[in-house]
Amino acid sequence: MSVSIRTPLTFRDVPPGVGLEAALALKRPAVIATLRAADLRGRGGAGFPTATKWNLAAAAQSKTKYVVCNADEGEPGTFKDRVILNHFPDLVLDGMLIGGYAIGARKGLIYLRGEYTYLRAPLEGILARRRQERRLGRAILGKKGFDFDIEIRMGAGAYVCGEETALIESLEGQRGEPRNRPPFPVDTGFQDQPTIVNNVETLAWVACIFAKGADWFRALGTAKSRGLKIFSVTGDCERPGIYEYPMGLTVGELMQRVGGEGAKAVQIGGAAGRCVPAALFDRTIAFEDIPTGGSIIVFGPQRDMLQVAKNFMEFFVEESCGQCTPCRAGTRKLLGGLELLENGRCSIEYLSELCRLGESISLASKCGLGQSSPKAFLSIIRHFRDELLGRPAPATS
Amino acid sequence: MSVAPADDAPRAPLSQRVQSVRPQQVPGTLGATVTVTVDGQNLPVPLGTTILEAARQLGIRIPTLCYHEDLCVAGVCRICVVEVEGQATLQAACAYPITAPLVIQPHSRKVRRARRHILDLMLAEHYGDCYACFRNGNCELQSLAKEYGVDEFRFGHVTAPRYPVDRSSYAVVRDMNKCILCRRCVRTCIDLQEVGVLEAVGRGDRTRIATFLDKPLGEVVCINCGQCINRCPTGALRANDPTDEVWNAIDHPTRHVVIQTAPSPRAAIGECFGCEPGTALTFQLNTALRQCGFDRVFDTNFTADLTIIEEGTELLLRLRQALQDKQPVALPLFTSCSPGWVKYLEHFYPEMIPHLSSAKSPQQMFGAVIKTYYARMHDLDPAQIVTVALMPCSAKKFECNRPEMCSSGYKDIDYGLTTRELAQMIQEAGIHLPDLTPSDFDDPFGTATGSGVIFGATGGVMEAAIRSVIELVCGVRIESIFEHADVLPVRGFEGVKYAELDLPAIGPVPPLLAGLFTDWSWLAGARLKVGVCHGTANAHKVLEDIKAGGPFSQCHFIEFMACPGGCLGGGGQPIPTSPAIRAARARAIYAEDTAYEVRKSHENPAIARLYGEFFKDGPGSPLCHELLHTHYTPRGKYIV
Amino acid sequence: MLITEHELLKDEIREWCVRYGADRGALLPILQEVQHKYGHISEFAMQQIADALEIHPVEVDGVVSFYQFLHTRTHGRFVIRLCRTVSCDMAGKDRVARQLENELGISFGATTPDGRFTLEWASCLGLCDQGPALLVNETVYREVTPEKVHEIVSACRRSLSAHAPEFSQEAAS
């Protein structure tokens, strides 16, 4: 499968199994302590400290617990999880095993998005191979009492199922509608049991941390965003593809490396992220500044930002689960506003009201999808206002 | 007597269940409390209390739409959002369990603005033609719009209906143009009733509430219980309203229009006139009905007593077959007076139809008696008689249209009116019901007993049956077993009740039953086992228990009511409904029972007269079977 | 549809219940099996599945209508899903879309009258660095140009004539 991997990847240097063996040599609390020392934060977008999540699940009292690998990668502009699952699947599986060991789970589930059905057969093959190698199944690597197996479950085309509680609903055979939180999956997750849900990349980094040491990881990145990150770069740049950099790099630096110097804006974090104009390219990509799950979309000078905003909004109108009012009905209204702008028929008063509506959608929606849905809209309106207002009526074709 | 505990675990989609904190997660904190500060007021609450519950305890109003006391939490409308200090986003008060000290701003600027936006969005999508809507003045959306000062449609407004109105059902009309997707109906139908007719389909802004593949409601497994109507905050769901036809009949020069009133509506109709729940207006209602132009006003309790005699006889016959003749017979006997329940059984457990009593419901018995006995007595042409029934129920509208309900040669009951619809008619006639002077029912069907009254509450049929069966069989007064004849073990709102009762003695066969029985010796020493349940989700539990050979399979007689609380919580009752409102109505009903001089069906003199003059061969005779009994249709749950 | 096909489907559902478990958690895998085998999930199939898992048919409907890859109506032998999300959009998905419509003679959301092709939009396929991207059933095509559209469609047609028995459109309807 042709992919443009543009930088050396740490994952290539870490042979499968090394991290797993190192972790299994530790006592369970020490596993979580190592993660805490590395200060790994989730790579799925939200950046929740992985050690904290695992610790909560480990502390939850229950015989049955689950580890879920979130391979529903649906954020526009991201494909790093696909590349990782394709090239480094063993690291991800090692990460799941380490998670299972740390929290006391015996079962792992990979929720693979329906669009990646072609990855299923190879992954099943790897699972079969690992069962033979005793890297899956009973008494893993000869460690008595540590049994763990992994099952692959397929998604069926719903972006919102990447949200961890929607993912769990989907696993349970429901519509992929996010749950009320609290309680969180770490105490009431899959089948009401404590469950950790982690991103593919997060799990791969877990394996690397145990292979290379917490200090190695901790030394990279910024104080609040440690370690390395995989970026999926697309759009108007010379070298789209996969990049690995420490967290904390500026947008401008990244643009130089991908050949996107002339860009007028970059969308960081996919549709759920925000649009950063060239004037702000000195900002850093890190949880404390501009967070991202890895999606970087470059917009060249010729791009019509209105079309960009519209494309994102159409995405949310389509992909909202439709459960709660602000997101279901609100995204539709924001899209309507963009259509008015497109026709040059939006008053500034109405636009301001839509911006306030956007804030309310962010505040009042039930899940991360609705909460982030107006971000692209709001940032594009803020930074590219001139470009949007008072357009001539489009020529009718 | 023993009472089995009810199992109330809801079968809701996980996301919509109230997820309270399980005690073992925080060791040592079981029963612990935590302090929440709402709008500056402190309140210690048990761990897991929601913000909404805490605010209500403090008397602070937080608006709600998708929340309903009878249902599991959904957290989807978001109108109840509040600011929780330290959290970046607003939280839904109805769905947020308090597990740590919280400081809450229920009405901050952000909150007010978000709520107004949410309302604006709802109104933008809502086809609001309030003046042509049955919920005008009683609509949660409308009153929120008022509360939040909505004075313009900021994000537009749909001005034409987008969906066709589904009028296929005899009972429920669905107008999805008014739906705000709160999903109360979904939770009602799936969790509360275990029928599962309605669900959200599609996603994103195409999400809708629909039946299986959008089939007409009249063609799916809907049992017509109307519980969804009672819980819908808007006019999206309503009952099929025949008031125009009823007015036409009243205004018709030659029609003789007879109305019977059931006990539950009488205990609730006051709510439509601003009275507190639990205000019984039985006798004021009689006056109002006459003023409206009804020719005769009768009491459904009369045929409730008749039902007890017929159904009780059927029970005794089946018991004899089992105990004396040792013949296989369908026991336990199931009550058949709740048409929602009957249809539920026909759909989901058609193989159990033989258990269902063949006795018609009181409503239908009344119709049959009016168009035969009463017509003959007053020399009326049955074709000119229009029978109207005031019922708490939407399923009764379906029941009176069942093709087999024509044993008099005419439609037994022409129109079923709900409490709400009759209240509307009374208002239309310019009458303020609570102000009227009470007046009595008309003879000959105005004489009833307390047993008939309590049919309105869950356990009532069973209590009435126990009162009569014990006296008829044992020859002792029921008061010698239950003080004031109050059979307390079958009362109350637990979902499922089970009780046992040893027959204290054997008496002589009373004259009423002498045609059927010579003696009761085969009942000597018997222990009567009975069950009571309400809400079809509970019926489901009981039926599964029977199939699995559990304790209910050993019962002799089980009362089933489709609606939570029994008829007093029926789908035609005033809106809103809640456990407290239903309890108040139940109190009114039991108070009415106590006020009756005669409280046992078999002691009703009018019943004796009916058997003496008309059903001369006594209960269970061929004429009774022709007029007072019916048969059922195995429907199955496959939707064509 | 013949009774025997109904019986066949019932047997298959029974087997899938054994494989995936007869509880609600098995719903999605079973629906995916039916979708895969029959190209859509019929009314009959939904009711049978509901029965087997002890849920209500409308709940199955709710799930099927939620997920983009599950359909209640017959779909073509080849389902072509073109990504319409921003990266593919910028890479020129509009022209590919137009060419697809021209080649197949249908617009998006439709199925060709011969029941061979269904054309649909997809949200991000995760191939954003190689857009425009599309899926034909489970096969990925990247950097699609209007020119390539013709090749893709022809390849599908060729593979159909190579594999005899024709996919049964009536099955499970």
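First chain written, first letter: the chains are A, B and C, and each begins at residue 1.
Convention: a residue touches a chain if its C-beta (ideal position, glycine included) is under 8 Å from a C-beta of that chain, and two chains touch if they have at least 3 such contacts.
Computed from a predicted model, the values in this text were never measured in an experiment.
K.L.:
Kindly work out which chain lies most centrally, taking the average of its C-alpha atoms as its position.
P.N.:
B
K.L.:
Counting C-beta pairs in contact, which comes out ahead: A-C or B-C?
P.N.:
More C-beta contacts join the chains of A-C.
K.L.:
For chain A versus chain B, what separation do you get between their C-alpha means, in angstrom?
P.N.:
Chain centres of chain A and chain B, defined by C-alpha means, are spaced 49 Å apart.
K.L.:
Could you please state the distance in Å, as a whole number, between where the Cα atoms of chain B are centred and where those of chain C are centred?
P.N.:
44
K.L.:
Let me have the rounded angstrom distance from the C-alpha centre of chain A over to the C-alpha centre of chain C, please.
P.N.:
Using C-alpha averages as centres, the distance is 26 Å.
K.L.:
Spell out, as numbers or ranges, the residues of chain A touching 2 or more other chains.
P.N.:
In chain A, 158, 172, 174-175, 318-319, 321 touch at least two other chains.
K.L.:
Got the chain B residues that touch at least 2 other chains?
P.N.:
Residues 200, 202-203 of chain B touch two or more partner chains.
K.L.:
Note the residues in chain C that touch 2 or more other chains, in rising order.
P.N.:
Each of 62, 66 in chain C touches at least two other chains.
K.L.:
Within their complex, state which residues of chain B touch chain C.
P.N.:
190, 195-203, 210-213, 220, 637-639
K.L.:
Under the stated contact criterion, what part of chain C meets chain A in this complex?
P.N.:
Interface residues on chain C, with respect to chain A: 23-29, 31-32, 53, 62-63, 66-70, 84-87, 89-90, 122-131, 135, 138-140, 142.
K.L.:
Residues of chain C touching chain B in their complex?
P.N.:
My answer: residues 43, 46-47, 51, 55-59, 61-62, 65-66, 72.
K.L.:
Show me the residue ranges of chain A that touch chain C in the complex, using the header's touch definition.
P.N.:
Interface residues on chain A, with respect to chain C: 2-4, 73-79, 81-82, 113-118, 153-159, 170-176, 191, 232-236, 240-242, 267, 271, 297, 299, 303, 307-308, 311-312, 314-315, 318-319, 321.
K.L.:
Give the list of chain A residues in touch with chain B in this complex.
P.N.:
Listed in rising order, the residues of chain A that touch chain B are 60-61, 158, 165, 168-169, 172, 174-175, 177-180, 182-183, 187-188, 192, 317-326, 328-333, 336, 353, 356-357, 359-366, 371.
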